[in-house]
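Before I ask anything, let me first share the structure, which is written out below as structure tokens.
Read from first to last, the chains carry the letters A, B and C; within each, the first residue is number 1.
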Amino acid sequence: MRKGILIILCLSIFFLVGCWDKVEVDQRAFVSSMGIDLNDKDKMNRFIVTYEYPNINAIGKNATEDTKTFVVSTPSSSIFQAGRKFTTSVAFPFYYKHAKVVVLGEDLANEGKLVREIIDELNRDTKINKKIQILVSEGKAIDILRANIKQDQTTDGIIYTALKGTNNASRFIPQTLMEMIKDADYSGVTLVPKIAKRGKEVVISGGCVMKDYQHIAWIGEKESRSLSLINGKTKSDTIDVPYKDSIVSYAITDVSSTKDVRIDEEIIVDIPIKIEGYLQGYIEGDDRTVYDDEVLKDMEKVIEKFMKKEIERTLKLIQDEYNADLIGIGEDLSKFHHRKWNKIKDRWDEIFPEVKFNVSVDAKIRRTGLIK
Amino acid sequence: MEGKNQISNEQIKALLITTVIGVGILSLPSDVAMILDTGGWVAIVISGLLIIPFIIIINELFKMYPGKSFFQIGEEVINPVVFNLFLGIVLLYIVVSLSYGIRVFAEVIKAYLLETTPTEVIIITMLVAISYIARSQIEVVARMAVMIYPIIIGFIIFLVLVNLPHMDYTNIYPIFNINYKGIPKGIFTTFFSYTGYEILILTFHLSEDRDKSLKYSLRGLFTVMGIYLIIFFITLSQYGIFQLKREIWPSIAIVKEVDLPGYFLENLDGIVMAAWVMVVYGTMGPFLYSSGIVLSNVLKTKIHEVFIPFFLPIIYIIALLPDNLVQVDEIIGPTLNYLALTSIFIIPTIIFISAYIKRRKKA
Amino acid sequence: MGDSISKNLNQNVETLNSIFKDCDDVNYRFIEIGDNNKTEACLVFLDGLIDKHLISEYAIQLLLTNSKGDDSSIISLKSNLLDTLAKESIAVPGVEEAESMDEIVDAILSGETILFVDKASKALILSSRGWPTRGVAEPETETVIRGPRDGFGETLKINMTLVRRRIRDPGLKIKTTKVGRRSKTEVAVMYMEDIVNDKILKEVNKRLDEVDIDSVLDSAMLEHLIEDNYISAFPQMDSTERPDSVAASIYEGRVAILVDNSPFALIVPSTVGTLLQSPEDYYSRWTISTVVRLLRIIGIFLSALAPALYIAITSFHPGLIPTRLTYFLGASRINVPFPAAVEAFLMEITIELLRESGTRIAGPIGSTIGIVGGLIIGQAAVEAGIVSPLMIIIVAITTISGFALPSYELASGLRVWRFILMGLASVLGLYGIMLGIVVLSTHVARLESFGIPFASPYSGLGLQEGDLKDTLVKAPIQKLQLRPVFTFPKNKRRMRKR
């Protein structure tokens, strides 16, 4: 009798407990991208938050529906508040673990304080992966995400896949949440890729310079390329350089660059950039053969000069016009010349424009392809 | 006979490592970075070295009275009433330590795995699981340690491998940025990450090969130190010093950062959490076991299993006392530190000194 | 009973008649010995248990013909008569003297023939066992591709012989006892005298002596009676049908227990390491054996954890798997009406039912048919949309990994724990699974097999000495020159250096 009661008690515990966190996987909505625009900064609902989540019914072999993703949007006072608001219109609770992309609207990017609040929210949440990609959009984020629907073919989203595919070019430099915070911590400035809508398509190119989490300037693709070369982030790209009376197409396979900071009376930074590549295209003809070391060396020199000019132009731009240490000189100093950095870090804004850069490019054409 | 009431040295080493590496490993990098920036590793190393003399003291104590358990030695060397008082303090230390550990553990599980499950449920289920191992004999506890130990090592290796592609090791610089004023405070913080080594007290007299026990214990200590250093450097290189100071539990968040879709490695924190549960089990199991042993020696009983259920409600209540995580660190933290200081450093030293004096008097 | 034998033949026959009342298979064959002073004699035996050919040709016939011999020696009515008979007139190889009725009754029931002679105070027991056996066949549960194929039968003597054939060392000792009050099952304890650890041997004998039960029908029952922890779901002794396994274990310093009427021998002590060893590992090359052994470890984890992990990930933590897999998981579960936990339990119970029915059909082969049939049913269920296809795959993988383990009992133990873990997963997700694993590991750490920690070598005993070489992986035989540590052998070296 007593044993019976004990057993019933034990079993009843099994029924009394709830499975608190149990939500079936097909009853969740997985947010894949988020967009945040400025609504009205004086009101409570200062953002317009947009979620994009895939249509589970449209994935897999037995796809029953066609629309690949849904996009919903609402004014809200914080990112995750929007998720709660959506319970009124979306059947399933949102799950943020698989969110891959956050797009900040242009008008929002102009408000440093609000951006910082957003970043804090993203940083604090346990579910957001800190490698989530951050982008700034030209115009409103909601337009970008809406336009995305037509193009979305992959489960992860076009934006994410395109960002991950920087193996193919360096027109933009992808930025993750963590990197962004790190840059801002060390030097106060960060570079975030720019996404824009061109006609019916969505284009990622160039970047947005943010100082203290506030947008101060756009930069274009060429400048992105230069910065990417300096930071050694280029994986492959092609540079077309005018040579004699045609154009040499030089494909880069590997870039290695360092920044040697010397402090005498002023700060001098040597940036030797070593580029490896192969000849992609020249011009067909019998008396212009490239299988000649002299010709190759000549081409290399032309390429080097071209690159150096472009890089120096970019450096001047960020140094004089934007005063943004996008190449991490401050970071370098804080790590390797710690004592000196401690003395000057408060005046970095004044000192940075005075830094002298010494760029040297060493391009090598290792191969010429299949023909001579 | 074959291992009846005997523990091999490998088991002692494994026991040391699994008991020491527990809840503290999560927040260690952040805590030490807050005080010493990138020079935090210095505090880790120095604290580790400071433990060495205490291990040696324990070893010497057992050498003086071969074959006797710690409790028997204590009663011989000091007035039994005083000794029981000491044991009372030790008991208090163990209970508070367990409450602290279990509370932090429950908070971590809630943050990463089960958001809405009530904290009470997590604590109760863990307590029930721990009491199973606490009710066993020391050989079983040692065997469990040997089984958990490769998981810890594997976890660390996994951490290193998985972070290698994206590591920015320049974040470690400046390495020798040592803020001399901060060192004492830093040592004080990291010192208590090494608590747990006192489990040796319960095992030395049962060791199979007494002469080599010291060597193995020290090896265990250095392994722990190495593990802490690796975690510190990895988290530092992934986050950079500023974010590291912000994160509460950098060691786990590290694995969340892994995103190599090409290798199908995403969202790996599940594996980490699974290993983490085992690590915590490996810490608290021996602790609860030792509480039973201590109480059984105070009350002069032969078995310790009976006492375990008495501790569970006490631990539960204390664990739920603080309102939030900050209170845990601010209220229980210092209390625990002082209790630890007394129980595992001062008391053995006193006993050792008394034993030494007695020896001298005899001779 | 327990009386002594009377000198009167008829009285003895009367006694036996009353003991064996209603046992119609007890036969009495009366003969007369001696030409002149015809002494009455009687052979008592159990028809069916004896080798009739042996008795008729080598006992009865010789007694009948020889009685024409020396009459004078027959006149002495002492036990000398029996002695003479035994030495001169009976050609049966095994002859003993019986002194009490108990011995005689036991002997008859064991298949011996009793020879009573009038006016003799003792009787002769002629060894005449011969009952129908199924011969030496290939063991059905442990087949190998390469290696010997003889397996144990139900006759103890034949089994002992099969082991003896592989150990031609006089150090191989065989001690028999009887277990079970009514079944009086013969049990043989076999060990290598100069290798085995005396304490373990003593413990084995002690436990066998302590068994007090009516009957022991199979070695499994004996196993449950003498093992350390009978409550646990896991076996603490090896059981095998293969004489080469038994021989190999004896060489390692372990003790083998053979039980009459059972084709399964018990080997003691055993550990997790030995439960995962199969004779095939030793007959194949070391590289593939290593891979297979590692595969078995994976098999253990899959067998116990797969459905539980599925439940945990689907219902609690979809964030723990890569994104593409999550979407795929969601897509595959769209129209399934049950939550994941119910689905998993349903499918697992179905598979268990199929296994049971497979066993009823025909032996282990029937099991396979059951599984395949189950997959077809599963396919139909998927088509109907009741379960998701991933669930079928997981259930199939789980069952197959269970079969990959050499020890059926270990796999059965894991089956039980699989359900426990599934239950924990349904309530607390991954945390529940980890709690279950941790409690399971503690339980395994606590188990002992005749004093040897069951979880060796993974839990410390033998780690340093390299026991892992033969459990986790399979090192080439040249590296296995010392015997494993967990048996504490007296003689450690089994192979000389080249």
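Some observations on this one:
As a convention for this text, contacts are C-beta pairs under 8 Å (C-beta built on N, C-alpha and C of every residue); 3 or more make two chains touch, one makes a residue touch a chain.
Keep in mind the model is a prediction, meaning the values are calculated, not measured.
Farthest chain from chain C (centres taken as the mean of C-alpha atoms): A. Interface comparison, A-C against B-C: more C-beta pairs in contact at B-C.
Comparing each chain's Cα centroid with the centroid of every protein Cα atom identifies chain B as the most central.
Between the Cα centres of chain A and chain B there is a gap of 41 Å. The centroid of the Cα atoms in chain A and the matching centroid in chain C are 66 Å apart. We define each chain's centre as the mean of its Cα atoms; on that basis chain B and chain C are separated by 45 Å. Shared interface positions of chain C, i.e. residues touching 2 or more other chains, are given as 313, 316, 319, 323-324, 428-429. Residues of chain A in contact with two or more other chains: 17, 21, 97-98, 156. Across the assembly, chain B contributes 113-114, 117, 121, 261, 267 as residues in contact with two or more other chains.
Against chain C, the residues of chain B that register as touching in their complex are 1-4, 7-8, 10-11, 14, 109, 113-114, 117, 121-122, 125-126, 129, 132-133, 136, 139-140, 142-144, 146-148, 261, 264-270, 273-274, 277-278, 281, 285.
Those residues of chain A lying in contact with chain C across their complex are 14, 17, 19, 21-26, 28, 30, 32, 54, 56-57, 59-60, 62-64, 95, 97-98, 100, 127, 155-156. In the complex of the two chains, the chain C residues touching chain B come out as 197, 199, 313, 316-317, 319-324, 428-435, 437-439, 441-443, 445-446, 451-453, 455, 458-461, 463-464, 486, 488.
Within the complex formed with chain A, the chain B residues making contact are 111-118, 121, 170-171, 173-174, 177, 238-240, 242-243, 246, 253, 256-257, 259, 261, 267.
Partner chain A is touched in their complex by these residues of chain C: 313-316, 318-319, 323-324, 326-334, 336, 339-341, 426-429.
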